[in-house]
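Once you scroll down, you'll see the structures, which are given as structure tokens.
Note that chain A is present in both complexes that follow, paired respectively with chain B and with chain C.
Entry: the complex of A and B
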């Protein structure tokens, strides 16, 4: 109520009533976004029933207790976090190299490098995952090349295991790392790196000691996105992995669409958000504590 | 000296390999779509357009999904552009401070939220409201994840508007609406259309929210691709993927012309 009053006061204080134009989109976010998330929270506190979706009017913490004591689901959560960590680490390294190359490139090459990432950014995750099937299959492109070149005597398993899932996820996450890092690099002064080189620093050293610390805000933003999304990845583990690559997202989807155990799915969703937000918070805190100054400015 | 040259060569090779890594899947999708045989192998053994013919003339379920995708993308582009543009224009006139920051945060918050959580929450919420499976449900879900992009793009476009002409028009007696229509809107029109195209592309390619919110009758192309992919892989999936990529590229060209590649890369 007080928030509404303050909002009205602030709006009447504006020079123009054009400020009122924010109201539709704010209402939309409150009704659809906040409404859905709050309902998810409420759903996670309903008692489940065997014959329906949930028992209306009940309040219980059993769903959370169930999650934390279920060793199978805990194993899935642990696997999801490991998967997220591995994918994020690889995506950060490759994404930095790519963003650096785009920043240093000129004219056409820069347009090519950025254009490729932008195109990939637009493509549906289903397409991105599907495209790796003919490449990684036992009789797929890579295995034909490997066997044809004599590097492997028989096809290597690249699909239906961790390898396939990690490749598919690193591929999907790369644009989300490249773009924020590139955005930070464009504000950087190249003459600093040149100065370091004039003073005798080797090329790799000048990049690691001067460019990487400056790129930390971009790496942090990209890393948080990559971690948050690959931890709860759904499409890549289902298509490129096997049942042992099931993530918490796969389990939540099973509860919603197959077993109709909505309270449990909701609790799992809430748990996933809490874990991912905690992990992001730890990353931000670590960078604040040990990273270069001002690296976290402008972050939520 | 030779070590440095070796290092440079290694770095260059690495960058080209990375570019290949990014581009290869797109090439594979397009390459396997013109296969003459039901196997999805790259490079294809025999070329033909038979799966394109099947998509356009034979398979009713793909055509239904195509129509669903177009309806949802158009609805999303309209709603997200209206909400996002009004929001961007409105926040510009708000005084700087906590309220303005809070509104901007609220508008971009759906972006870092894991999509599976959004899909899960919307699915349960819309089921309770009795609209899960309908077109409005899909449009609302897609608007949620596209509004932040429209908002950011229009904010950037508004920052370049010549506001002195607007002030002058107001001083000369133009109403707010007249000043907006005659002075501001012509300057931001291209940017607003670009934002609408971005929203349409994102909606066409969105998968997870569509999977959770659609039913058998409102499945979009990515959802039907997913279902087909779970059953068995055939070149039809490549055909649909290729067409979706072409649609995205066609819609992206005007966006790049208006905003510029470099600016777009830093905005998104």
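Entry: the complex of A and C
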């Protein structure tokens, strides 16, 4: 047996063992994720009833027809996607800056910066969002500062509108951008940046041309997470927005808990999943087409 | 080791490995932290689900607290707003039994829970205090699955010194930012129906041909509503933060809220006719049916209802409390069954069930515009 054959067999055995290790995860995903999705899909195909939650044993596509022809609900879907896009864009910029600062910081400062992000993950999203209410209110902290400093004559509307919702969502999404970007940056060889600067690149240019392309896998992972979660956000639009900021999740909640029309809620949920997955797929395809080589390796 | 050396060492482990390890660690931590921790139920305990906010706190302190003191049975009070029937339905498909032994429901929540067979008929022989309930509460809708416990009506809460409405029609006239509950369509539509005034009472809400007129009134009303809030906490933050000067809010909860605020710079006014609700306390499909019914009978005792009323200002279901209403609501609450009938402007959920999706959709569209 040649060395090449032995190596091939060894690699094959390793792959089989690795495959077995993945089995529990696959089984878990099938039950928890795929199972839940199938249940959601089945629920969306029941006929609704005014006497209860749904009519068992029935099959219909009317919920989807009604959904797709409802201009109000499609308007909410569009708004949700726009909200997700804006929040993701801001979170990516701020998250990259924060992750870069943490990467370049010294020991204690770096620990503090990363600790602050991790601590935010430990706090309930509802509490985090509610904390913004006294800060953004017309007589709240920010407006007191703005008016007190003479930057505004009267309180600025920061609550009950898009501004408040975006602020709350960006704050909530930041850790999910910062952590993967930071993880990727730690694999970057700093000497590449130094070499670029030695060759005459300015500091900003060296960051844009060397660091940002290397950070694309982290930005993509963080961006997809931020987009998926902020598109179907519920707490921040409910607490920091007005009804004008209702997302598809707000509408699904209304169908589940107020009008007790579970099939309609499920159909909306299925549509949201499909739209978000498609959007994420488009993002990955764009990065594969125009981004740096291997930017999506290991992610999708 | 310098920082750069440290980064270099990490880099040498291979980009994809460290990236996956990091993401895996973060994902694992998030999954672990987001797991729900649920408390176990002891043998001498009962779980009661009630509406949240100040309402739930008052219930826990007065009714549940007094029951625990007298019987030694622990009462776990679960407070939430809108998703309780959904939770009950979800739990009914498992083997662990319902999450609550007793649940306080009103309107469509009561109707849906009843139609989905999530409730057990009340054995009134075990609840002698039910005899003291106002006939209006027992006859307006079936009490087969739940004993009426208390009721309430909408009032107008305002910041002292600021312009505010004192009637529902003034919501369209007073030049000051107003608030109204946007989380649920029924009360704003009942107000719109009252103001439309083309039929007696709120007949517009039951007649599909009158819906356009009613929604037209709502659109006029909405022009002065700057905040459509979701619950009590939003009301106080909107008033305190200056987003609104006044708003529609439950009269009893408003009075109790003012009592409990450090700055008592607020007032409540009760318009002549107001949308309202009353709650049926129901026994779920629990195996603690006897204990649940004991609790319901206790809840209806005159002294318990009096204490509950004095703490939260709700309209007691027990008619024996009528002679001793709290000073703050003297003259405001009716003291006869006929008075109760005209006092509560209720939307009959059974009659509205055929239209509720359409009414909810149109209401939401207006508040979202």
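The criterion applied here is as follows: the second predicted complex is superposed on the first by the 266 of 300 C-alpha atoms of A that agree within 3 Å, B and C clash if a C-alpha of one lies under 4 Å from a C-alpha of the other, contacts with A are read in each partner's own complex, and residues count from 1 in each chain.
Basically, a contact is a pair of C-beta atoms (placed from the backbone, for glycine too) under 8 Å apart; a residue touches a chain by one contact, two chains touch by 3 or more.
Here the structure is a predicted model, which is why all the values come from computation and not from measurement.
Participant: Applying the touch criterion given at the start, work out whether A:269 contacts chain B, chain C, both or neither, answering first, second, both or neither.
Facilitator: first
Participant: In the overlaid three-chain picture, which partner chain does A:261 touch, first (chain B) or second (chain C), both, or neither?
Facilitator: In the superposition, A:261 touches chain C alone.
Participant: Go through the superposed model and pick first if A:223 touches only chain B, second if only chain C, both, or neither.
Facilitator: After superposing on A, A:223 lies clear of both chain B and chain C.
Participant: Touching A:123 in the superposition: chain B (first), chain C (second), both, neither?
Facilitator: After superposition on chain A, A:123 lies in contact with chain B alone.
Participant: Considering only touches as defined above, state whether A:164 meets chain B (first), chain C (second), both or neither.
Facilitator: Once the two structures are laid over each other on A, A:164 reaches no partner at all.
Participant: Would you sort A:50 into first (chain B), second (chain C), both or neither based on which partner it touches?
Facilitator: second
Participant: In the superposed model, does chain B or chain C contact more residues of chain A?
Facilitator: Comparing chain B with chain C, the partner touching more chain A residues is B.
Participant: Quick one: is A:186 in contact with chain B, with chain C, with both, or with neither? Answer first, second, both or neither.
Facilitator: In the superposed model, A:186 contacts both chain B and chain C.
Participant: After the superposition on A, what does A:103 contact: first (chain B), second (chain C), both or neither?
Facilitator: A:103 sits against chain C, while chain B stays out of touch.
Participant: Answer with first, second, both or neither: which of chain B and chain C does A:39 touch in the superposed model?
Facilitator: A:39 sits against chain B, while chain C stays out of touch.
Participant: Show which residues of chain A both chain B and chain C reach, each in its own complex.
Facilitator: Touching chain B and chain C on chain A: residues 110, 121-122, 130, 133-134, 139-140, 179, 182-183, 186, 238-239, 253, 256-257.
Participant: Taking the touch rule as given, give the residues of chain A at its contact with chain B in the complex, in rising order.
Facilitator: Contact set of chain A toward chain B: 6-7, 10-11, 13-26, 28-30, 32-33, 35-37, 39-40, 43, 94, 97-98, 101, 110-128, 130-135, 139-141, 171, 174, 179, 182-183, 186, 202-204, 224-225, 228-229, 231-232, 234-235, 238-239, 249, 252-253, 256-257, 262, 265-266, 269, 272-273, 276, 300.
Participant: What residues of chain B sit close enough to touch chain A in their complex?
Facilitator: 4, 7-8, 11, 14-15, 18-19, 21-26, 28-29, 32, 40-43, 82-84, 86-87, 89-95, 97, 99, 103, 105-107, 109-110, 112-118, 120-126, 128, 140, 143-144, 147, 151, 176, 201-202, 204-208, 212, 222, 225-226, 229-230, 233, 237-238, 241, 244-245, 248-249, 252, 261-262, 264-266, 268
Participant: Would you mind writing out the residues of chain A in touch with chain C in their complex?
Facilitator: 48, 50-53, 72, 76, 103, 106-107, 110, 121-122, 130, 133-134, 137-140, 155, 159-160, 179-180, 182-184, 186-190, 217-218, 221, 238-239, 242-244, 246, 251, 253-254, 256-261, 264, 297-298
Participant: Can you check the complex and tell me which residues of chain C touch chain A?
Facilitator: Interface residues on chain C, with respect to chain A: 3-4, 7-8, 10-11, 14-16, 18-20, 22-23, 26, 29-30, 33, 82-83, 85-86, 89, 108, 112, 115-116, 182-185, 226-228, 230, 233-234, 237, 240-243, 353-354, 356-357, 360-361, 364-365, 367-369.
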